[in-house]
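Multiple structures are listed underneath, in structure tokens.
Each of the next two complexes has chain A plus one other chain: chain B in the first, chain C in the second.
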Partner chain A sequence: MSEPAPHLVISAVSKRFGAATVLDRVDLTIRRGELVTLLGPSGCGKTTLLRAIAGLSPPDTGTIALAGRDVTHVPPHRRNVGVVFQSYALFPHLTVAGNVAFGLKVRGAPKAEIDRAVQRALALVKLGHLGGRRISALSGGQQQRVALARAIAVEPDVLLFDEALSALDRKLREEMQIELRRLLQDVKATAIFVTHDQDEALTMSDRVAVMNKGRIEQLAAPRELYARPASLFALNFVGLSTRIAGQVVGGQDGMVDVVTPVGRLSARGAFQLGASVIVATRPEQLRLGADHEANSASGRVRSVVFQGSRTLVDVDAGAGASLLAELSGREAEVPRVHDEVRFAWPAAETFAFAAEASP
Partner chain B sequence: MMTRHAIIFCWVLAIGLALFLLLPLVVIAAASFSPTPVFDLPLSGASLRWYGRIGRLDGFWPSLSLSLQIAVLSTALSLVAGTLAAIAIARGRLPGATALGTLLVSPLMMPGLVLGIALLQYFRMIGLTATWSALLVAHLVVTLPYVARTMIAGLSRFDFTLIEAARTLGCTYAGSVIRVMVPALAPSFLISGLFSLLASFDNYPVSIFLTDVRSKTLPIRMLQYIEEAPDPTLAALSTLILAGTLVLLLISDRLVGLHRMAGTAD
Partner chain C sequence: MTDAVLSAPVATPAPDRERLAAFGFVAPSLLITALVFVLPLALLLGVSVLDPKGGGTSAHYARLLGTPYYLGVIWNSLRLGLLTTLIAFLISYPAAFALARARGPLRSILLATLFLPLAASVIVKAFAWTILLRSDGLINTVLIAAGIIEDPIRMIFTQTALIVGAVNIFLPFMVLPIYAVVAQLDSRYAEAAATLGASPLVVFFRVILPLTLPGIVAGVALVFSLSVSAYVVPTLLIGEKYPTLATTIAKAYLLAREPGFGAAAGVVLLAIAIIVVALSALLSREPK
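Our next item is the complex of A and B:
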């Protein structure tokens, strides 16, 4: 299978609001049909980048090309983008069908074609029977679907979601995540989500761009992002981890030896001798018991949290260090609070990050 | 069953209050159809003779014309100025926008008499002696608060993301304002216009200080009639004004819903 051509190309896009740099030379290339999430804390620039793509807030410098056309200074109404807003922004004076038809009417499409497209879009979001309703008569979940149908109906080159699921309650949100992903894949839409919800990012996207202080810290598939975080920020923002500070005392072949309060640990990374680093690993890598081939540390169990399919064990390893272990439900032995335990984890799943780059 | 009794009591009270409020209007309407100059119960028949006399009242037509001119003109000016002011207050980043909004609405809280005397003195001071202009400016002060208040409320409820949504769906900025903002604010516009029209048309306490012998607004002229010759002609006139107001209210109800006027909407 040949690589699809780039569909949306963002090059060196910067944006300042007064003294604050909100976007700092951002590059991002998205292929046709790809679902990409911009993930980050509030103020990281993700919404500004989305608004720049939509044309609602053009960048100061840099270029944006969509479907082979430079749209950097094209106003939003001539971009052919679809946006689903956090507040849904449905037109209260129009019916459900009126909202979905809006974009096509503005484009001057013939009535028969509009009716067909509205029916198709509403059927897609399973609201075919509610076309005549007023917006105020809909639930939050239904309004969300209308907003989606309205954005899809114009067959945009790219669909943009600005925290679009955040107003739904948790259960509905999780259902919508899966349904929305399937729907977007069915219609082969190219979509960009903006969210601060890591679960949403991991569930919905082919690739996730972790953003921090106006830059993309890492752009990777969800699995890779979780297993191989590129920075301490990415590690912290996605998933849980054990983090221990230490000093590099040796290293070769992309691995370093680090002296920490819990003992000598090996980790992936390349640092000079004496560098201060944070050594980290994911909780499911930790196994009860000693293993001389691997990293290990011992301590006293501080808390045990049962979460159904998994159990989280927090261990006080002394000198301010703590270990976080996730034991799957199948493991027979689960330690109790105050137990003395030893955990081991593979060096290949241990990462070292520069300590001063703390978020 | 306490609650049942309480509910019945509340209904009786509500109906009683409604009757208390509406009965004078019913009496006026009934009196206007009385065949005799003195209104008597039971009615001894119905007649339209008093309606025929309205037009022959001394100085009626000039007064009606003056009141309508002032009402329509002050409403139109208030709608333009009030809406623009509301946009600045609700949307612009003006320092002290809230204080400015309160200031605009403040004539509403002032006794009309005080306002009338104050305006009279002020107009004398600045040399504004033409009755018509003085009335118009005074009524502007009376009607502007209605428009400003309603439009500020309407605008602060308006979600400006709607304009962005319309733009991404293919509308120019101006097109978005026309297709989305205007329909969303039309109810506020209509309601404030209606209130402003009525407030100006039946204003008495401010107008009384600014009219002269030759130009009197309708409410002032009506008080003069009732002092001179209290016959049912005035009742007929009141009934017509009432009917006109009802028609306006019904039209507004069809267009935007009366519940919004009562301020009970969302």
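Our next item is the complex of A and C:
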């Protein structure tokens, strides 16, 4: 199977508001049918990038091409993008069906076709029976679905979601994440989600773009993003980790030896001798007991948090360093607070990042 | 009452009791309305159809609705109301948007220019216009002094003066309700419409206009009912040659001593205002 052609190509897009550079030469290429999440802390420029794609606030420099057409300076109503706003922005003066029909009406579609498309879109979001309702008579979850139906009904080239699920309560949000992903795959939509919720990003998307200060720090599939973070920022933003500061004292073949307060550790990375680095690993890599082939460190258990399928163990390793271990429910032995323990973890799952990039 | 509400189980509301409670809350205002509004209106209506010599009469209405002169008077009132409302709307609608967009000191200044005139009495404002528009008034004096004209332009006691004055005096009652709605308008509606394919013009007519309709309706109802029944403004700015229902009523009571006829004119004026207000309220109803 050949790689699908690029569908949305964002090249070197920059945007400033006054003195602040909100988007800093952003590059992003999305294939047809792909679901991509922009993940990042508040103020990193996610909404600004989305609005640039929608044409609601064009970039200062750079280009945006959608479905083979340069749309950088095309006004939003000639772009064929669908936007689902956080506040939904459903028209209060129209019914549910009126809202869904809006896009087709303003495009001058024939009435019969509009009715059919509205029915289809409402059926997709399981609201076929509510077409005549007023917007104010809908629950938050139903409004969310109407906003989705309204955006889907015009069959846009790309669907943009700005924190579209964040107004829903946790349980409904988790259900909607899975349902929305399935629905978008069914209709073969290309979509970009904006969120600062890492679980949502990992659940919903084929690829995640981690944004920081107006730049994309890493663009990767959720699994790879978690297992191979490209920067300290990406490591911190997605998932939990153990992080220990140290100094590089040697290295070869993409591995470095680092002296840390808890002992000498090996990690992936290439640095000059003497460089200050942060050594990190994911909690599920840590195993109780010593292993001479691997990294290891010992300390006193500070806390044990039982979370159902897993147990998180926080260990004070001395000199301000701490270890975070995740033990699966199947583990026979779980340490208790104040126990002296030793944990080991594979060097291949240990990463070194330049220390000055620390957030 | 409080006890009853608190002890009522949440799942089974007591509609009758709630309705009774609601009635309790509006009762005082109902009473006042009945005393100062319904009662005088009933009297007005009564006086307009009662013959002082006994029995009923429709003579006053016949005179009002059957003589060309009085039909002209009714038309004058209507014209004053409609023109003032229309022009005030055309000025106020964009002004309300400008006001809502303005930030910082500009916004405060604009709002002050709207609110401050409300503190001055209508008579003062109408009189101020006569000072401006008189033959020896400010505008003519300046124009003559500047050598732009030789003889004063006749401005006061023209229909132009009447409408200009009325629009100026009633303008805040149009701007404020529209501004109140526009200031609340979420810009996301227009953005959502644009991404759905609506051009700016379509966004305006299909989204902005319908969403600001409640403000427009409130402004139209206020300005129309104020200007259709205005008394001071036509009296000071145009005078005898533009008789309106309001000036006719005043004359009937004060000069001609015909309370029955004055009452009938009052009823007609009220009917016109109620019809227009009711029509505009109908327009702003939510969709089902």
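Rule of thumb we're sticking to: the second predicted complex is superposed on the first by the 359 of 359 C-alpha atoms of A that agree within 3 Å, B and C clash if a C-alpha of one lies under 4 Å from a C-alpha of the other, contacts with A are read in each partner's own complex, and residues count from 1 in each chain.
Here is the rule we use: a residue touches a chain if its C-beta (ideal position, glycine included) is under 8 Å from a C-beta of that chain, and two chains touch if they have at least 3 such contacts.
Since we're looking at a predicted model, the values are computed, not measured.
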Three-chain arrangement built on chain A, chain B and chain C clash or fit: clash
Partner chain in contact with A:Ala54 - chain B first, chain C second, else both or neither: both
Partner chain in contact with A:Thr95 - chain B first, chain C second, else both or neither: second
Touching partner for A:Arg134 - first (chain B), second (chain C), both, neither: second
Chain B versus chain C as contact partner of A:Ser11, first or second or both or neither: neither
First, second, both or neither for A:Ser231, with chain B first and chain C second: neither
Chain C versus chain B, contacts on chain A by residue: C
Chain A positions touched by chain B in one structure and by chain C in the second: 54-56, 75-79, 81-83, 85, 87, 89-93, 102-103, 106-107, 150, 154
Of all residues in chain A, those that touch chain C in their complex: 54-56, 75-83, 85, 87, 89-95, 98, 102-103, 106-107, 132, 134, 150-151, 154
Chain A to chain B touching residues, read off their complex: 54-56, 75-79, 81-83, 85, 87, 89-93, 102-103, 106-107, 150, 154
Parts of chain C lying in touch with chain A, wherever the complex brings them together: 186, 188-189, 191-200, 202-203, 206-207, 210-211, 213, 286-288
Sites on chain B touched by chain A in the complex: 159, 161-162, 164-172, 175, 179-180, 183-184
